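Common to both upcoming complexes is chain A, partnered first by chain B, then by chain C.
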Partner chain A sequence: MTIETIIFYAFAAMAIGAGLLLVNIRNTARALFLFFVVLFAMAGLYLFALADFIAITQILIYVGGVLILLIFAFMLSNKELLKDIQTSSTRFISLANWQSVVLSITFLSLMVYTFVNWSQQMPGWIEQSISKGTLIQAKDNNIELLGFKFMTQYVLPFEIISIFLMMALIGAAHLSRKDNTA
Partner chain B sequence: MITLTHFLLVSACIFCIGMYAVLAKRNAIMILVGIELMINAAILNFVAFSKYDKTNYGGQIFALFAIVLAAAAVAVGLAIILNVYRHFNTINPKNMHELKD
Partner chain C sequence: MPDLFIHIIVPIAIFLFIATFTLFAVYAERKIAGFLQDRLGPMETGKFGLIQTVADILKLLQKEFITPSAADKVLFAIAPVVIFTAVFIGYSVVPWAPDFIPANTNTGLFFLMAVVSIDAIGILMAGWGSNNKYSLLGAIRAIAQMVSYEIPVGLCLISAVMITQTLNLNDIAYLQGIDSPHPIYFFGFWDVTQIGGVFAWHIFQAPHLLIVYVIFFLATLAECNRAPFDIPEAESELIGGFHTEYGGIKFAFLFLAEYAMMFLVAILGVVIFLGAWNTPLPNIGALRLADWTTGLGWGLFWTFTKSLLIVGIQIWIRWTLPRFRADQLMTLCWKILIPVGFLCLAISGFWRIFIML
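Then we have the complex of A and B:
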């Protein structure tokens, strides 16, 4: 049990625990701030997969952008929250949700069974990579290599995603303006 | 030693939490949060597999693309939610049963 393993388990427990609390809490504002905790813990987990740039991007885009947008939308549609508090039941898990619980747990057990069986023998390309030693190492300069890959091998998906992002943002701005000029 | 299976199990848990949120919540913003959790679980899988792919860096690159797609989806989704709220005065999907203006 090295210190690395302990920190990994701590991040995993933080992500799963905050996620479970997120779906069970009645207050939407608190749920959104728990989502923040989940996103930070997931960024920590990305670090353990040696993806430092993805972890930083996760914090910048999700915490800085997506979460702020969610909180804005929540605050602009606040009437629903008041109604939800008035009609909420005091039970921890309300009975109307048991179908979703059953479905989620079934899916989870299916996935866990598949992963545990699958990991008995790794696919060929992973075995090959382990035997050749072409793994990403902790001392590699990931960001430089990612930049080269973006501009050479993956330049077409990169351009497509830029156009897509521009279209989505223009569409969002168009949808959310006041509709008086139509 | 942290193996690939550890990452897969954590991402399976996060995915199922997100699925529960999508299925059970009666609030469009929380449904969007559930979708984000499922996307995050997928990104964790991408990143975990990418450790074994040094020649192409496919997993990390497409994890970045997935983050961008999720941000665009949230921007458009929230614009739609706000419009729907202005129109119906609710964000409970159960109360929205007509599409016309």
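Then we have the complex of A and C:
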């Protein structure tokens, strides 16, 4: 068992453990900080998939941005409302029980199916790239490859996403404006 | 196995460095404050008060652990660790000398930005966990400030990276001296690849990077919550900000994190804009000053000299300027630094396309 394997299982255990604790804990503030642990462990797992850019982006955007906004929203929200959430419901997502059971079973069976299938025989495109030697190695400059791909092959989706984000920004600025001009 | 040994030795060495640096930085801070305010500073403990900070640390270490009874005990205990670790991991990608870098990764700069932003979560943990209104107010002010000032810092780094075309801090350091793999032009017209020295630094490779460095310096000063941007711990209004309730070794960790952050942003600015471990002395004809003063030992020397100089300027500013008001702070960030940052970003793009290629 190499060090990498140990670290991988440590991150996996951390993600699963913190996730389970997160949905069961009553204290909302601690739940939010547990969410940070989950996101951090997930970023570690991305590293093992050689997706270092995704891993770092996850930390930068989710931990540095989204999570802080969540905590702020939690701190600024009504105390009575929070009490209501903390006492009345032990569910994190307000789906009915049977719906969430169906969802999770479907997802689990999908993952088991893929795992069983792939461990018997790799899909064609993976075997093709193994034979051609176009696999990504850990030492490759992934971020440069990503940059080239964004600016050439995927330039249209990239631009559409940036326009979409721009729309969201302008919308947010418009909503937060005081209504004295209209 | 020797790999594993290195993985353990390097973090310990960095930690020891941070601890020593903090000891002497606190001493320097008091001495400089004394000098600027026309008094002596610490004089009693040891010669010129040299071991005053050692005595302070010993006192801090023996203190009892006190947790406020209404505090969230888990968050209160974890917060200093999270804050310190976030800054500590940032050191893992910073080069100290030619190829003398703990982790030589292609995503170095991006990684550093992401990891340092975890600091904010730690501060919120401390503020919320203390269950004290001063702590919470201090934490909220700190977050508002740090999240706002991360934008100009990011813009500055992007403007510099557009010129360097790499996120690897080791490569960025190489691009500013006589060992550069690409030709270097002083202000875009004078080939200084063989001359090196101060002319090859990034701030002189493109004139607008000088402005970018000034923005970077101001914004990182706010990121470390230091005066004149220290409303998160404005002691006249908030006692101590988010660390009001902390004492003993937990407070020592918060203190270490603060000074580690100061040095981290100083060395980051040095690596990206001020030539990293490259010598400021140029080659003049037969006088090969740059060749003579490049190497492992010299690299360490230049990195330390430049970074400590920047830290000195940070301390000098702290004891010279008064504190900003909250609205002035936000005005400076959103109405001055960010628009100028965007302008520099655009200039970087044009510079890269029309002058460097």
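Just so we're on the same page, the second predicted complex is superposed on the first by the 136 of 182 C-alpha atoms of A that agree within 3 Å, B and C clash if a C-alpha of one lies under 4 Å from a C-alpha of the other, contacts with A are read in each partner's own complex, and residues count from 1 in each chain.
Heads up, the rule we're going with is that contacts are C-beta pairs under 8 Å (C-beta built on N, C-alpha and C of every residue); 3 or more make two chains touch, one makes a residue touch a chain.
Everything quoted here is computed from the prediction, not taken from an experiment.
> Could you check whether chain B and chain C clash or fit when both are placed on chain A?
fit
> Let me test your reading of the model: by the given contact rule, A:Val102 touches which partner, first (chain B), second (chain C), both or neither?
In the superposed model, A:Val102 contacts neither chain B nor chain C.
> Quick check on the superposed pair: does A:Ile170 touch chain B, chain C, both, or neither? Answer first, second, both or neither.
A:Ile170 contacts neither chain B nor chain C.
> Is A:Ala31 in contact with chain B, with chain C, with both, or with neither (first, second, both, neither)?
First partner only, chain B.
> Determine, under the contact definition given at the top, whether A:Glu144 touches first (chain B), second (chain C), both, or neither.
It touches chain C, and chain B stays clear.
> Where does A:Ile56 make contact in the superposed view: on chain B (first), on chain C (second), on both, or on neither?
In the superposition, A:Ile56 touches chain C alone.
> Have a look at where A:Ile3 lands relative to chain B and chain C in the superposition and call it first, second, both or neither.
second
> Go through the superposed model and pick first if A:Val155 touches only chain B, second if only chain C, both, or neither.
After superposing on A, A:Val155 lies clear of both chain B and chain C.
> After superposition on the shared chain, which partner residues are touched by A:Gly64: those of chain B (first), chain C (second), both, or neither?
second
> Measuring by CA atoms in the overlay, how small does the chain B-chain C distance get, in Å?
Superposed model gives a least chain B-chain C C-alpha distance of 14 Å.
> Under the contact definition given at the top, report the residues of chain A touching chain B in one complex and chain C in the other.
53, 57, 65, 72, 142
> If we count contacts the way the header does, which residues on chain A are in touch with chain B in the complex?
Contact set of chain A toward chain B: 4-5, 8, 12, 15-16, 19-20, 22-23, 28, 31-32, 35, 38-39, 42, 45-46, 48-51, 53-54, 57-58, 61-62, 65-66, 69-70, 72-74, 76-77, 79-80, 83-84, 97, 99-101, 103-105, 107-108, 111-112, 115-116, 119, 122, 125-126, 129-130, 134-136, 140, 142, 145-146, 149-150, 153-154, 157, 161, 164-165, 168-169, 171-173, 175-176.
> Looking at the complex, which residues from chain C come into contact with chain A?
Of all residues in chain C, those touching chain A are 4, 72, 74-75, 105-107, 110-111, 113-115, 117-118, 120-121, 124-125, 128, 136, 140, 143, 147, 150, 167.
> For chain A, which residues are in contact with chain C within the complex?
3, 27, 29-30, 33, 36, 40, 52-53, 56-57, 59-60, 63-65, 67-68, 71-72, 75, 141-144
> Tell me, which parts of chain B touch chain A in their complex?
For chain B paired with chain A, touching residues are 1-10, 12-21, 23-27, 29-30, 32-34, 36-37, 40, 43-44, 47-48, 50-57, 60-61, 63-65, 67-76, 78-83, 85, 89-92.
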